[in-house]
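We just call them A, B, C, D, E and F in the order they show up, numbering each chain from 1.
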Amino acid sequence: MRSPAGSTPDPVQTVVLKRVTIVAEAVLEQRLIALIRDCGAKGWTLLDCRGEGSRGVRASEWEGANVKLETLVASAVADTILARLVRDYFEHFAVVAYVQDVRVVRGDKYI
Amino acid sequence: MRSPAGSTPDPVQTVVLKRVTIVAEAVLEQRLIALIRDCGAKGWTLLDCRGEGSRGVRASEWEGANVKLETLVASAVADTILARLVRDYFEHFAVVAYVQDVRVVRGDKYI
Amino acid sequence: MRSPAGSTPDPVQTVVLKRVTIVAEAVLEQRLIALIRDCGAKGWTLLDCRGEGSRGVRASEWEGANVKLETLVASAVADTILARLVRDYFEHFAVVAYVQDVRVVRGDKYI
Amino acid sequence: METFELARLNLTSPMVLGFALGIVAALVKSDLKLPEALHAGLSVYLLLAIGIKGGVELGKAPLAEISAPLLVTLGIGLASPIWCYAALRGLGRFSAVDAAAIAAHYGSVSVVTFTACGTFLDAVGVAYEGFMSALVAFLEVPAIVVAIFLARRSTPSTTRWNETLREVVFGKSNLLLLGGVAIGALAGPAAEQVKPFFVDPFRGALTLFLIDMGVIAARRLGDLRTSGVRLVAFALGAPLVNGAIGAWAGELAGLSVGGTTVFATMVASASYIAAPVAVRIALPEANPALYLTSSLAVTFPFNLIVGIPIYHAIARWLHA
Amino acid sequence: METFELARLNLTSPMVLGFALGIVAALVKSDLKLPEALHAGLSVYLLLAIGIKGGVELGKAPLAEISAPLLVTLGIGLASPIWCYAALRGLGRFSAVDAAAIAAHYGSVSVVTFTACGTFLDAVGVAYEGFMSALVAFLEVPAIVVAIFLARRSTPSTTRWNETLREVVFGKSNLLLLGGVAIGALAGPAAEQVKPFFVDPFRGALTLFLIDMGVIAARRLGDLRTSGVRLVAFALGAPLVNGAIGAWAGELAGLSVGGTTVFATMVASASYIAAPVAVRIALPEANPALYLTSSLAVTFPFNLIVGIPIYHAIARWLHA
Amino acid sequence: METFELARLNLTSPMVLGFALGIVAALVKSDLKLPEALHAGLSVYLLLAIGIKGGVELGKAPLAEISAPLLVTLGIGLASPIWCYAALRGLGRFSAVDAAAIAAHYGSVSVVTFTACGTFLDAVGVAYEGFMSALVAFLEVPAIVVAIFLARRSTPSTTRWNETLREVVFGKSNLLLLGGVAIGALAGPAAEQVKPFFVDPFRGALTLFLIDMGVIAARRLGDLRTSGVRLVAFALGAPLVNGAIGAWAGELAGLSVGGTTVFATMVASASYIAAPVAVRIALPEANPALYLTSSLAVTFPFNLIVGIPIYHAIARWLHA
């Protein structure tokens, strides 16, 4: 199927990057954003969410439950982010972090 | 562990598909949905989100910040979607798009 | 780039797990959480979303549209979850489910 | 006042006009829509406000006065799903489970339709028993349970009854209605304190809510094409028949002209808050497009726009 | 009253103080911010309330009385984007598309600024024509369309005009304004029913909304550094010039001192709800930082804090 | 009035009944819960309304009259976390950091409990100093800072003090309280304009909010099993002791019977909005289950249901 408007556009060049996903209690939102920027992330996307894990408690109901922070970064940056997370937050806070490979359009601008 | 109700169900047949994720300013919501449908997507899931990237600005605060649009499609459809995105939106709008492989239950119905 | 605060932290040990994603009508929220726990999931993250697929209808506008439930689990648990989903919900409800491999920090605690 | 004049008054009430605005917005594909959270918040507000209002009056009313209306309410709550089911099976030729699912909605009550009726009567200056809104709480649940039973009587085993009951009895809308009634009844005069929040702004909040309902209803209009004439016929016929029966029963129960109008409207209305959720879970194989489209896109607008004045006319005729 | 005294009264109004609180909150990097859904809900409420208020008055007003103001409104709606565009091109040396994008905002109207002017006049006890808010609905759209045309006249083909028109005419804000006007006009006296929701709490709701607007505006202040003096100069000069022209035109149209003040404020204000969305779609290559920063972070606070009393002074001088 | 009669009046107030409804809803596992955004929005509304109310009165009150209460407020804000900490360490045998975390909550103040006390006194017709709500703003912060210092005095280096201070002083709740006070004080009589939004519907909004608080509190009840008797003992004993001290101090400060009741309630209450966020960041190794469960699931309901009438009785006895 194709758009009435458009002739077939040429294939798109993509770059394989890491998508780091961090789920944590909402009270950490600003700090986590600062952390990933500090590690070299060029951008981020944040979603409100709720959840349960080994620790059940949130800092405050009025703060909302959890946030899910996603950032597309180069492999090295991903490793730094994870290391910093473990060092600064894993011990005392409700945090989960994982990494995936993703094929990003115009990915070069995120490195 | 298993459900009290249930005997072990048989293994599930799955299909490997592409999950295309598009993060863009909320004002594009309806247009992006039209675009992916037009390219052959059979369905979509949309989440409200906020974020920052190379361009910081949103069209209107009252429109909400960003949307995250996800669609499970066949590989060819994924390529068309990305190409159309680049052609129609990447130049002037705040858009990020990436692709992943996912193993989908009963995936045939999305092709 | 590195944090002013921090000396380089050591590389982080990660475990490859399955991330099961379930998108379904919101009315199933509690039941799906019970199902994955019952299958052995140690935690979950839930996001509100909206979407369209083969079935367009939601149980009630006031219930909100859809929910997206994500859980990080071992491969065997993932299979059980999918099988239970197909058996209990795929026939009559608006449900989509898919699986991805993810590299999880301190992943052992989710198994 | 002339029935025609009443109809005009109803059509130019802010609530009905708001509903019309919502329909227009949806038809012109506008992005006008209340945020999810605001819609849910307004629902909570409306249900609670209705409950409290009813509870305060219930607390004042002598048991003798309310026992008859209460019994009639429960009676109709149990009976109406059965006759709706029969009609849907016989005339409508719907499958047993679809018929039961639709019957659950038409046997139950639409809180917003009830409220619109109240504001209509206030506007035209007709009094009605204050405890009516307490009756709404008792009309909502039984029909849903009966209808589910009708669908499952062949295979009762497959239904988790206690779960189904929890779903309807402790569901948001019923709990807010009953909870409001309890708060109003227990607080009594002290409820005056919350009047500026739950009573005075009520109609304005309802107007805002109805704009959103208009959008939602109009978005379902598309499904009408696929849903077939028999469904539309039922969605227009059922409220008239049920409304007439309701008016007759209300008059028997000794309600005033206003109370009879309200009761007829309650019986004529179809639930789209409590019933859909319960039915979706208890009768998953039923087609939601059928019960949502009929109750939300046909019967609700019908009652709001022409039904209420008609039921009022019937009530006045019965009391003449 | 002395102009200075009026300015003081304006500065110590709860609305302006609320706006200031929001600015402070953003500057100290507080987490104070209304939830997205509440902000959107308040916008819906404010737009609808204004529309209804205007509609009720419009229904009362004799056509003769409103025809002149209506014509002047449309005239200025068509003309002001042109002179703004000229100034932005000539003096501001902005690109054609950026100039047009900014002109769309300054030719259109800021509903919140309009509202703040109304509450200011109520507070100082100056009457104004009730139908003014109906005029807002007619001032919002034309300028946006004209400005987009200015940018596209070279390459009209590339614009999907019907889509652009749909975007502005059926956009949330315009539909709520016009819809509210229609509801108010049709409901007439029946609109009294919703007064406790749409009229009495209005200013309080506006105060809450302005706190959030303060946060949003302050967050844009950062962009000022990059946006350049010419933009700031325009954002401060345009409201004064447009305000003066508006006052003169309003007086010609036979508006009272109060009405002239309101009209001047309307013309002086810059849209940041309807215009940004339409412009973002129709002129995607325009830089949003330019039109959002100027209208939201400079002109809006300027009008709110010092503009309105100035326009009132001009109006009084013209009527002296 | 008899203390018992007062207790009955308190128990049958719409607010307390609403709180009970929320608890019931959670216990029967109902899906009743306000949308996140509405809960946050109501918090903003309540905090701002309280601040404005207090600010208006503060503006009127002669400095002489308020200086004593203000000093006493600050004094108790600094001292109470210390004695709470001592008790938690000594009798409760909690770890230093857990003791400090809990002390931060009990030294600070619960705005909703304060508000419930005000509505209680209004209902029973006892007057109290209008500027009390301004004192809330000054009682909220110091205790949190003192408690964090207690935990960190051994290792002060590890705390980023300026960050911690920003967190509490510029946090949502404190900024809204102080901001509201400023708005009220500066606007003075002009604040009348927003009365129909911030004052009249206040109790109704509080009732709605308390339903949600009931749900939240009840969901924490489960943690009680694991949290141990010593925590529960403290959560019941601390408000009584602190309430008595507060009543005595308030009476010394020259407050009226009503004012003394309010002040006692303030001191007796435990924060669960400002404190948890600040403590979570500054003392991450403290166990949130301890301080949230005690303040939210035990002390808050205790004060709401039986505490307030008790503190009123003490106040009356002190003034007898």
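FYI, contacts are C-beta pairs under 8 Å (C-beta built on N, C-alpha and C of every residue); 3 or more make two chains touch, one makes a residue touch a chain.
This structure is a prediction, so every number in the text was calculated from the model and none was measured.
The minimum number of touch steps linking chain B to chain F comes to 2. Pairs A-F and A-C differ in how many C-beta pairs touch across them, and the larger number is found at A-C.
Once the centre of each chain is set as its mean CA position, chain C and chain F turn out to be 38 Å apart.
Chain centres here are Cα averages; for chain A and chain D they lie 45 Å apart.
Work out the mean CA point of chain A and of chain B, and you get 16 Å between them. With centres set at the average Cα position, the gap from chain B to chain E is 37 Å.
Looking at chain A, residues 47-48, 100 sit in touch with two or more other chains. Touching of two or more other chains is recorded for residues 31, 35-38, 40, 172, 196, 201 of chain F. Of all the residues in chain C, the ones that touch chain B in their complex are 21, 23, 35, 38-40, 47-54, 66, 68, 79-80, 82-87, 90, 96-100.
Of all the residues in chain F, the ones that touch chain D in their complex are 9, 12-14, 17-18, 21, 24-25, 28-32, 34-38, 119, 122-123, 196, 200-205, 207-208, 211. Across the complex, chain E is touched by residues 35-38, 40-41, 44-45, 48, 52, 166, 170-172, 175-176, 179, 182-183, 186-188, 190-191, 193-198, 201 of chain F.
Partner chain D is touched in their complex by these residues of chain C: 25, 27, 48, 56-65, 91-93.
Of all residues in chain A, those touching chain B in their complex are 1-3, 6, 8-12, 14, 17, 19, 33, 42-47, 72, 100-107, 109.
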